[in-house]
Every structure is written in C-alpha cells, then in structure tokens.
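Structures follow.
Two complexes follow with chain A in common, the first pairing it with chain B and the second with chain C.
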Partner chain A sequence: MKSLNGASAEAVENDLLIEQAYEAMSEGSTGDGEVVNKKAPDKWEKWKNNFKRRGWILLFIIPALLYVLLFCYVPMYGILVAFQDYGVGDPILGAGTVWVGFDNFTAFFSNPNFGDYFVNTFLLCFLGFIVGFPLPVIVALLLNSLRSKKVKKGLQILYYAPHFISLVVMVGMLKLFFGADGLFAGGSDFFIKPEAFRPLFIFSGNWQDFGWSAIIYLAALSGVDPALHEAAKVDGASRFRRIFSVDLPAIAPTVIMLMILSIGNLMSCGYEKVLLMQTPGNLPTSEILSSYVYNFGLKGDAGYGVGTAAGLFNSVINVALLVIANFTSKKLANQSMW
Partner chain B sequence: MDKQELKALKKKNKIKESRTDYVYYAICGIILFLLAVVIIYPLYYIVIASVSDPDAVLTGGVWLYPVKVTFSGYANLFTRNDVWRGYFNTLVYTVTGTAFNIVLTIPAGWALSRDYLPFRKLIMTLLIITMFFGGGLVPYVVLCQALGLYQNPLILIIGGGVSVYNVFMCKSFFQTNVPKEVLEAGQIDGAGEIRTFFDLVLPVAKSIISVMVLFYAVGHWNNYIDAFIFDINRNFYPLQAVLKELLEATSGEGDVVLEQMRMATQIKFTSIIVATVPILVVYPMIEKHFGQGVLVGSFK
Partner chain C sequence: MKKIIIAVVAVVLWLAAVIGYTVAGTASDGDDGEHDFIVLTVKEETVKDYNTMPVFTELARMTGKDVYWTYNTSNQYSNNIDPISIKGIDAIYHAGFSNLKLYNYGRRGKIVAIDEYLDSMPNFKRILENPLRQDIRQALESPDGHIYSLPRIEEMGLKAYPNILFLNKEWVKQLIDKDDLPASVNLQEEDLKDGLKLKRSEFKAILQKFCDTDISGVDSKNKVPLAFVSGNWQGNESDLIASFGVPENREHKTVENGKITFTIENENWFNAIAEMNDWYNRGLIRSSAFSQTQDEFLAKGQDGRYGAFYWWEKETVVAKDKQNDYIVLQPLVDDVTGKQYAGVSNEQEIEKSECVILSSCKDIKGLLGYFDKFFEPEISAQLNYGLIASGAFKSQKDENGKLVPNDDHGNQSTDDFRMKNAPYGVVYLTAEEWENNIEMEPRAKLRLERLEKWVKAHTFENVKPIPNLNYTKEQLDVLNMYESSLGNNISAWMTNSITAPTKPSKSDWLNNLLKTNRKSIDEVKRVNQEAYDSYLSKISAGS
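Moving on to the complex of A and B:
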C-alpha cells in the first residue's frame, strides 16, 4: 500500500519534471527577457526539431510528388509550344526555336469552324449538366427514403455497376442499339444524324453514371440524425414532406460544392467518348474543342503549336469558370472551395 | 372520454399519415424499379443476343429471350489471335500498372494525412493546382516523346501513375481511420516513420487499398485512348483497343459476304461480354468497402 503510494508519488514527480523540461524547451534558452524576438526562432527550432525527428515521412510523399512534377508540371512548361513553330522532336527551348507570338492562337480563332467547336463544346457540357446534375440527387433522396435496407443495398450495387463499363463497350452497345439494324433504331442509323449526337451522348453518360454520382449524396444522407426525422414525424410531416424539410437541407452543402465543380467543368467534356462516337455524319455537332486538339493538333495537320494553343484556350476558360462559380457561391451561399 | 377522443384522433391521423406515405412509397418504388430495368435491360439484351442466332438478332427477333441458342460467336471470338493477345497485354498492363499506382498513391496519402509532414502546405498546393489546370494533351505527348515513351508500351503501365483525387481520398481515409492510440503506442515503442507505416498503418488500410486497386485497375482495364495517342504497335494493343476495332468493323458494306456480316455482328456482342465480365465479377467483392469512410471525405 505504502509502496504503491510512493510509486505513484514518484510518477507524479516524474510527470512534473517532464512538464517542466517541456516548458523549458518550448520557452527557449533565452531567459533574459528578449520577448520580442523569442517567437520566430522558437518556431524555427520547433520545425527543425520536428524535421529531425519525423522528417523521414517525406520519403512517403517524394515518389508521388516527383511523378506529379514530371508528368503534370513539365507539360505546363510545355505550353510554350503554343507560342512556337514547333515540329516533332524539336527542343522546347533551344537554339533553333522559332517564336511566333500569338500566331497559333490567331490561326485557331480564324478557323471557319472555330465557332462551331466552341458552341458544340458548351452545348454538350451544358445540356449534360442540366440533365445529369439533378438526377443523382433525386435518386439518392429516393434510395435513402426506402425502408428496407436490403432493397436499398441491392439497388445501390446495381446502380453503380454501369460506371465500371468501359467507354469502348458503352459506345459499342450504343451502336448496337441505335446504329443501323439496332434494336431501338427503327430501321435508321442514329449515328449519322447530327441532331442525335447530343441526346445519345448525354443519355448514355447518365445511364452509366447516375448511380455512381449518387454515392456522395447517399453518404451525406446517412449522416442525418434520425432524431430529426422523428421530430418531423411528430409534427405530422409525411415521408415526402420530410425530403424537403430534413433530407435536402442536410445535403445542401454537398450539392453546392458539387455544383461549383460542375460549373467549373462546363467547357471540359472529355474527348475520349466523343472520339468513339464521331462519324463523318455527326461531325457538325460532335466536334468539340478537346476532340479538335486530338484530331487536328495531335493527329492532323494543324500542328502541335495550334493544338497546344487550342488546349490552352480551353483550360483557361475552365479555370475562369471555376473561379467565377466559386466566387458566386461564396457571395450567395457563403460556401467556397478555397 | 378525453382519452378515448385522443386515441381516436391519433388513429385517424395515423391512417391519414400512412396513406400519404403509402402513395409516396409506391411512387418511389416504381421509379427506382424502372431505373433498375433501364440499367438491366441493355445488359441483358447483350447477353441474350450473344447466344442467339445472328439472323434473328439482325431482324429484331431477339428481345426478350435467346432465339436458337448458339455459342458459335464465342467459339469464333476465341479463335482470333488479336483478342487473346489483347487480353494478355491488358492483364500485364493492369497488374503492373496498378501495382505502380498503389506504391505511389497509398504512401503519399499517408504522408499528407500527418500534420507534422514538413512542407505539407506547399505540397498540398502543388497537388491541388493539377486538379484544375494542366498543360493539356499536346505538351503531355511532347514530354513523353522526349522521355522515349512514344510508341512505347511502357506508357500504358506508367501513364496516369498518380491520381491526385485518389491521393486525397487516401489522405482523408487515414485522417479518420487510424486510431491515435495505436500511433502513440508505436511512438513509445520507438517505432520510426517507416516502421510505423508498415507495421501499424498498412494493416488497417485494407479497405482503402482495395478500393484504390479497384479504381486504378478498372482505369487500366478500360484504357483504350493511350494506345492511339501514343501510336502503340498493334502487337501491344490492349484489349479495349482491339475491341474498338472489332466494334467499328463495318458490317453493312456491299462487298462483305453475308456470312461474314452475320459473324461480325455476333462477335460484337460476344466481345462486349468477354471484355466486361471480369470487371463486373470483381466489382461486387470490393463494393462493400465503398462505405462512407472511404468516399466521403474526399471533398473536404
């Protein structure tokens, strides 16, 4: 008994000593009242200490960081190609580099089809947004209101599945259904009609991804306190009413965040599926900015310089849209990404 | 008297409430059921068309069940060398490429989840910028040309090595799912950063690793565009590139013999199934890890 007490007293004493030692360390060794300058070197000391003690953790991030620097940042430096007369194999900065100023941009903008590419890009992304943004929200709200957890789980697994189907297979299926002799084509071929391109693209994109996009809302909904639902029930709110009074407010921040992101992407539909769906017949609506970069900049005769310029034009618009969307939501909803 | 009235009122209300709810649940059920049909039917059709007589498929006679069941489409598909080779190539790219992705991504996520990581803010900023701005396609290809990765199948393994989005997903997983006590105990034992990661962190990271494996592996399995961007030799085509050409083969030209056209149609259905089944088999096994912990935090 006594020894136990003694041990604990010793432990307390030890703790005190350690505490004092820590305090001494954190106060720094200067005891002579240099209060003003104390803070900065102290912080630096702390940083150095931490670096010495736990700096090895950098080893875990360095490979990924080097990869990103090489494959993401070096291409940013490669944007210089947009201001050059560049041929395959040329060095980006060398004795023979031919600088052409904004000629590549002028060439791209004066392309007679430039307006079409621009409008096609916008319409494809914008219509896709109008249809594709609310759908996952609605699906998540409906799924969340199901009483049977088993049914909910089963439907979720089913709804996610098409997300994992490859684009090649997706477009292949589209052609089998809506191409010549297709089951739903009714004797015609939707793939050679310009007016069918956007509906097909958007419809199939939603078919593949509405379930997948609902995940994030479902996760937010699962965090809703059941007590809120109980309280609303006591007030006599039906299940349908509770969607608006309980569920929607709970996922509103997530919805706004994803809307900012989507608006930032209003000019950046990927070209991979577009390329697969393009036919000579639907080109008037199916050639978008990013597919132009591939078809003409990379593989065609426009050249790398014009291709880079077109790509840069597109990504500058994307960044601008993102900044605008973020700014607006900061003002209106007091919510922003940074 | 009062109590009875109250009871009656309650009963009345309950019935009224459950009636409106009944209507709601019915409509909700119908919508979700229709969505399920919309998803299942095209997949089901591909399956039944792949085992039906191609003439019946071409004339629209197949839509609810297989007609004149035949497996000749599968037999034909597997006599094709390019399909086998594509399968083999894709397996190689998927396995090695995913391993490369995981080795880069998981440790990076762990490091970023620690607030004592030196230069953390700078590194985060560098990574976030790449999510919104990049050099674009052409400068990326120019870089790969300079690195000797053009027309080189290696690009199909190391291309897209780090998805910043995935790294952040790992980061938020580690922030919420590694018990502090375990790490503190490790520190008292004198475990350094490296031992901590391998002995304490990796054992509890199983679910995030499996989700990452799924995401990256599906990316490699489904990748077709890189083979064309980087002008890869046909012998090294991944399955999806072979598939693309199979599916785009025109079946309706006049000089094509009827028998060939029938075969081409059937092979389209069978090849879609053969290329997709592996993913749809693996996916439900990993689906259970999609729980909130893994996917939610990525938006913080």
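Moving on to the complex of A and C:
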C-alpha cells in the first residue's frame, strides 16, 4: 500500500513538473506586445494536454448530462403547443399543425380570474418561502449546538420522519384533524374556508419538510473547523455568539445558494397538494396557476394550448426571479450561481 | 464474494419482479383472442363485466358481431385526460364528452361523423328524421352540422326535479310524545304522512328541536338535522333556496319568460343565502353538506341519522328497515307570500355524447350497425333493465302489448340485479315508448307519482329548463372562457357566505358576487340567449 501511495505521489509530482515545464515554455515564447494574442492558444494547448491525461474523468458526468438532456431539454419542444391549436394526436411539428400565434396567451390573460390565480400563486409560494426557508437553517444551527450527540440524533430523526409521509396520506390526516367534524375543527370545516387554506397548506408543508431540509445545512455545519470553535471559546464567546460568528458564516454560501435556487422555484409550489386540498369553498384562494393548468387545460375544455401557455408563463416568471435573485446576491454578498 | 452473490441475487429478483409485473399487466389489459371490435366502457368495479352480461351475449348472437369490452372506472376515466388516444379501442361507451370536447375531436377527425353513415343505421336514421322530434337532431348536432356521438334518450320526466324533501317522522313523533314540539308548530301524529305541508319557519323550528334535544336511537354526535349535497346534480340545496321564490337550480340559470336568467341576480336568492347562513350557524345545516360527495352522503344516511334530507328518492339513502321512518314533504311554504315553489333543473333527458366511435376503427359501418340495434325500443329497455330472459321483464306482455318489468329477483335487490344485468348507455326510451311499449319500473313510477302529487304543481309559472342548446364555435369559445370560472366563483361565494360566522351583507353580494363577475354573467347570458333563440326558431321551423 505504501509503495502504491508513493507511486501515485510521484506521478502527481511528475505531472506538476510537466505542467511547470509547459508554463515555462509558453512564457518563454511570449514576446512583448503579443501577450494577448499568444496566450490564448497556449491556454488551449494546456487544456488539451490536460484533457489528454485526465479527460476520462469527464465520463462521470455523462449520466447526469444524459438525464438532463432526456428529461429536461427534450420535452421542452412541447412548449410549442402554447402557440398552437393543439388536440391529442396532432403533430407538434408537421403538416397538420395549426399555429395560432399568441392566441392562447390572450385567452389565458383575458380569463376573468387570471388576476386571482396569479395573486394566489404568488402569495401561497411567497408566504411558504418566508416561513419555510429560515426554519431549517435555524433548526440546523440549534441541533448542531446541542451538547449530547444522542439527543441530537434522536431529534433529527423525529424531525425528518414526517418527510416520508405520502402527500395523499398527509392531506388525509389534515382532513381528519381540520376537515368536517375534525378533531380540531370545532364543528366547522377548515377545508371550505378560503382564509384557512394558506395556513393549512404552508404549515403542514413545513412541518413535513423542515427536518429534511435541515439535513443539508447540518452537513455543511459538520465541515466547520473545530479549531475555530476552540479559538472562539478561548476568546470567551458564548454558545450563542459562536452560532452567529462561527457557524452561520460557515454555512452562509450554502444558504445563499439554496436561497437563489428556491427563489427560482418561487412560483412553482407543487399542484398535487393543492388539488388534493381543493374544495369548492376554498377555491378563491386555492386555485393557483399550476392547478389551473390541470383543471382547465388538461381536464377541462380550455385545451392543451392554453394550459401550456399558462405553464410557460409561470416558468418565465420563475426564470426572471432566478436571474434577479442571482444578480442581487452577486452584488450584495458576492455569492452567485454564475 | 459474498457481496457479489447478494448483488446478483438482488438484481435477478428485481428483474423477475419487473418481468412478472409486465407479463401480468399485458394479460389483464386485453384478452388474447381476436375480436371484431374492442370498446372502452366506463363502469364501476361492482358492475358486472360487460363481456359476460346476458344482454351483450344476446346482442352478439343477434348481430353476429363479436365485441370485446374493456373498462375504466369512472374515477380512472375522469382522470384520463386523453381517453381518445388509448391504443386498440374502436369506440368509447359512456363517453360523456362536453360539447366543446366532442366538437374538437370531431373536427380533427379523431372521432367519426356518424351522420355520414346513416345508411348503415336504419333505426337511428328514423329517429333523426322523425319530424316530431327534430329537437333530438338539434341537440346532437355540433357547430359544423355533424353528429359525432350516439345519444342516451330516457324521457321519464324525472330529471327536471332532482330534489324531494324527506322528513324523519319518527323523530317528530318523539317530540310529540315528549310534548316538546316547538310552540309555533301544530302537528298531530296522524298528520305525519307523505305530502305534509310545512311553513319554512315551522320546518326550521322542528330542525332546531332535532338539533337541541336528545333523539333516542341516534348518536347525538352523528345526528344531522338537514342533509344535502351542495352542487350535486340530485339532492342539492336548490329547492330550499327556491322556496324563497327564486327558480334556483344547481347551475343557477334558467329560462324565465323566454329569457335566460341567472338566479343569483334575484334578491330572493340573496335572502335565501342569508337565511341559510342562520340555519348553518344554528347547526341545522352541517359543513359536511358542502364538502361531502354523493357516496359519502349515501353511506352516512343508511342508519337513519338524517332529520330531513333532499334527495332523488329516500329508497337509496336509507336502509330498508328505516325507510318507513321518512315521509315526503311538500315544497316548503314561504312565510312571506304563503306560496310554495320548486325549481326546475337543466339536467337533459337527451344526453348527447353517450358513445363515440374512433376514426381508427377498421369497420365503422359494422360497428355502427351493431350500435344501431341499441335504438330498438325492446333492446333499449333490456339495456336499461336487463334481459327479458334473465327475468328483468315478465315473459308475457300485458293486454296493451307493453313490456312489464319484473320486480321479483329472489334474494337480490333491484339495484343488485341491475348491476349484473343492465349496462345502461345508448338507449332510446322516449315518452312515447313509455306510453306505448314499455311499462315503467315501480320505483320510477313511485317517484313520478310523488312528483305529480306534491312537487310539479309548485313549479314557477313561465320558468322552463334550458334545453339542449346548439352552440357555434365562437359561442363555445366564449362559454369556455367564462362559464366554468363563473361557476367556481358562484359556488365559492355561496359556500363561504352560508358558512361564515356572520350573515352576508347585501353590499357583499352586490360587489363581491355580482359586480366582480358582471362580465362573465353577461357573456354567458348573451351566448345562451342567442343559442336559445336560434333553438326556438329551428324547432318551430322543423315542426
């Protein structure tokens, strides 16, 4: 084993030597005033060489690339349906395709309830984000500063166990507790009250997922150098102080990255749970864009075109939010995705 | 080594499971034999397999055509967004497409324009060409003039009145015995029989007593003073609202003096909602009325926990031993005017898209010829009730030459018998057929009798149901844009106003219901009025 390690260390050393040699060579050949022109091909040269030696590692990303290509990019051509008068079995690109331009969007935007759907979607997802985003961060920080490892493990399991309850069962439980003649409904039925929909949706969702979402932060926290804590302790920092001055800065990049990502998904809180919780009574707050796509576009008569247009509109807003969030975080915290 | 073995075993087991599942899946999807036609039908698991139903084996014998029936449950079907793209089927039975869906599939050529094949359908052709029944043709035509579906026509005169009010007389008896009747109500035990007439205030006072006092024989936790299923096609709250003097139905629209009107614009409608809010807050109406399904309502009602309820008939709601506890109430008497009112529904007796033929069918003429048989009155009757030979009808016709239904099925209830013998679907049983060829079953007769005696007399003068209208493509697009969202808004406002802790205010009604939905209300009214006017002119031109 030792010799093997030695050999690989040697190889790395050799690689480094070769690289240095290349660099020396390229620097040597650089004349005055031609720096910009010459440096590019050299860089290319370097990259090529690097690729030759280590390129096989790239093979590892092939499955991921294939996945993204097959399941994210290929289905995207379906967006074309938003600009067509489309029926089942029609060709999406073919002689029989009926192009209607922006008619589907016009139909969607002129729906008398469009404004409500938009506001409902935004409020539901935004409030969900406000409540749901900080919660796992706080929980992770608190769990991390527990002294007893046993208690920490126990609590962690207790917190993330609800994540494994299926959505249908979850809504079934909600109905038993808050539905007609439910345990906590007090003779009434929270499911027919529009004002009860958002709290029920958001708090049940967060109850189910805060423990699970905290795992990623706990992982980030485990990477914090204990020496930092030691040093802080020596300086007389309290437990609380250390959370703010050591732990939080350490996981800040993760928090910001996840925040950008979730802002990018802000307008797409899942429709499945919304559909399960929908009743004629709570429709004024429970009909959101994605449930509209399902109820009217797929099941109803509005048609696939209008449904796709609504979905596309939702996605465009998400992309815009993502870009804005990324830009803001780049400016303010110097953290960004690209 | 051990690990490798475990891994291999795991993979093999997994593969076996996958393969097993796939094989099992294909076997149950279709059967192996060759058939002339494969038809998708919509039926519940409890209904007998159509392939072994005596009516269909008899039809196969008569026509010499071998039809194989596959099925979806109604739940599966309603979530199947593209039934038309299911591979290998030639037709869909119990299709139930909306007007727009039917037309959209039709103009794309996905389903067959049946009017082009009338030569292979002598029975259906005769029905369409009957000068007295041009309304049937009218109802079936799509905007482009084609007929894309086979209808179900069953004219018993029952569907316009989907609500009858029943009262638990045993509970009232208990009140009388305890001398606990409300002071405003003067009832003797002998008054408690079908056709009892009560003022709305009296009815309310009785329900209040049901709510407040202990009734023996029922768990007070489960007790429901007044039960219905809000917005359901039968047994909804419409007739309670109608008692305030507004011709309510579940679509909230009707024809009044030849004009399409929305009941929600009527002030009496608002008064009704405000009063129902009071009923709700007093505990007379439970919140479950607004969230339960029809099945939940029926399941709960069996043990006789309802003080009163609206439904099609009490026989399906209450278990046999409790059925006599309930009596039919007349429509409630309005305290202000002293009048009684019952609304009319817009449920159609001509159901347009009962069956569609897919264009991929290889022998369209053959399949339509098979379905044409369904329109023969005697076949229709047997599709609706079961084969004569299986005992659905008496083997001898009566002296007027009419088929007489047989009610005695041994140990089986009539419902059970029909589940095993009657596929329903495409039938032609017009009022004329009931008059001349087929005797109605006892239960339908009983219901008709109840309606005749106590309900029909109280329908509004000058109010008619909206008939099967024939919309143009533009009109369908307008309806598509406004109608369903309007329906959602109305039912949401209504439910919320009734279940709110305080009475809805008039300004809330005017602003949040009428004003915000003004455009939708006007557009839906306009389009329906246009279609109704052209319907009238076509009918009068045809006759």
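We adopt the following convention: the second predicted complex is superposed on the first by the 265 of 338 C-alpha atoms of A that agree within 3 Å, B and C clash if a C-alpha of one lies under 4 Å from a C-alpha of the other, contacts with A are read in each partner's own complex, and residues count from 1 in each chain.
We adopt the following convention: a contact is a pair of C-beta atoms (placed from the backbone, for glycine too) under 8 Å apart; a residue touches a chain by one contact, two chains touch by 3 or more.
Not measured: the values here are computed from a predicted model.
*Asks:* For A:Ala161, is the partner it touches chain B (first), chain C (second), both, or none of the two (neither)?
*Replies:* Only chain B is touched by A:Ala161; chain C is not.
*Asks:* Give one of first, second, both or neither to describe whether A:Ser145 is in contact with chain B, with chain C, with both, or with none.
*Replies:* It touches chain B, and chain C stays clear.
*Asks:* After superposition on the shared chain, which partner residues are touched by A:Ala220: those of chain B (first), chain C (second), both, or neither?
*Replies:* So A:Ala220 only meets chain B here.
*Asks:* Touch test for A:Pro280: chain B only (first), chain C only (second), both, or neither?
*Replies:* So A:Pro280 only meets chain C here.
*Asks:* Kindly classify A:Leu298 by the partners it touches after superposition: chain B alone (first), chain C alone (second), both, or neither?
*Replies:* So A:Leu298 meets both chain B and chain C here.
*Asks:* Is A:Asp181 touching the first partner chain B, the second partner chain C, both, or neither of them?
*Replies:* Touch partners of A:Asp181: chain B and chain C.
*Asks:* More residues of chain A are touched by which partner: chain B or chain C?
*Replies:* Comparing touch counts on chain A for chain B and chain C gives B.
*Asks:* A:Asn113 contacts which: chain B (first), chain C (second), both, neither?
*Replies:* Touch partner of A:Asn113: chain C, not chain B.
*Asks:* Which partner does A:Val88 reach: the first (chain B), the second (chain C), both, or neither?
*Replies:* Touch partners of A:Val88: chain B and chain C.
*Asks:* A:Phe126 in the overlay: touching chain B, chain C, both, or neither? Say first, second, both or neither.
*Replies:* neither
*Asks:* From the superposed pair, tell me which chain A residues show up as contacts to chain B and also as contacts to chain C.
*Replies:* The overlap between the chain B and chain C interfaces on chain A comprises residues 88-89, 180-181, 298.
*Asks:* In the complex formed with chain C, which residues of chain A make contact?
*Replies:* 87-90, 107, 110-113, 179-181, 185, 187-189, 191-194, 279-284, 287, 296, 298-303
*Asks:* Quick check: in the complex, which residue numbers of chain C touch chain A?
*Replies:* Of all residues in chain C, those touching chain A are 78-79, 81-82, 84-85, 98, 100-101, 104-105, 108, 110, 230-231, 283, 286-288, 290-292, 480-482, 484-486, 488-489, 491-492, 495-496, 499, 517, 519-520.
*Asks:* Which part of chain B faces chain A closely enough to touch in the complex?
*Replies:* Residues 13, 17, 20-21, 24-25, 28-29, 31-32, 35-36, 38-40, 42-43, 45-46, 49, 58, 60, 63, 103-105, 107-108, 110-112, 114, 116-119, 123, 126-127, 130, 132-143, 145, 161-162, 164, 167, 192-194, 197, 218, 221-222, 224-225, 229, 240, 243-244, 247, 252, 265, 268-269, 272, 275-276, 279-280, 283-284, 287, 290, 292, 295-296, 299.
*Asks:* Would you tell me which residues of chain A are touching chain B in their complex?
*Replies:* Those residues of chain A that touch chain B are 47, 50-51, 54-61, 63-65, 67-79, 81, 86, 88-89, 92, 139, 142-143, 145-147, 155, 157-162, 164-169, 171-173, 175-177, 180-181, 183, 207, 210-211, 215-216, 219-220, 222-223, 236, 238-240, 254, 257-258, 264, 272, 275-276, 290, 293-294, 297-298, 304, 307-308, 311-312, 314-315, 318-319, 322.
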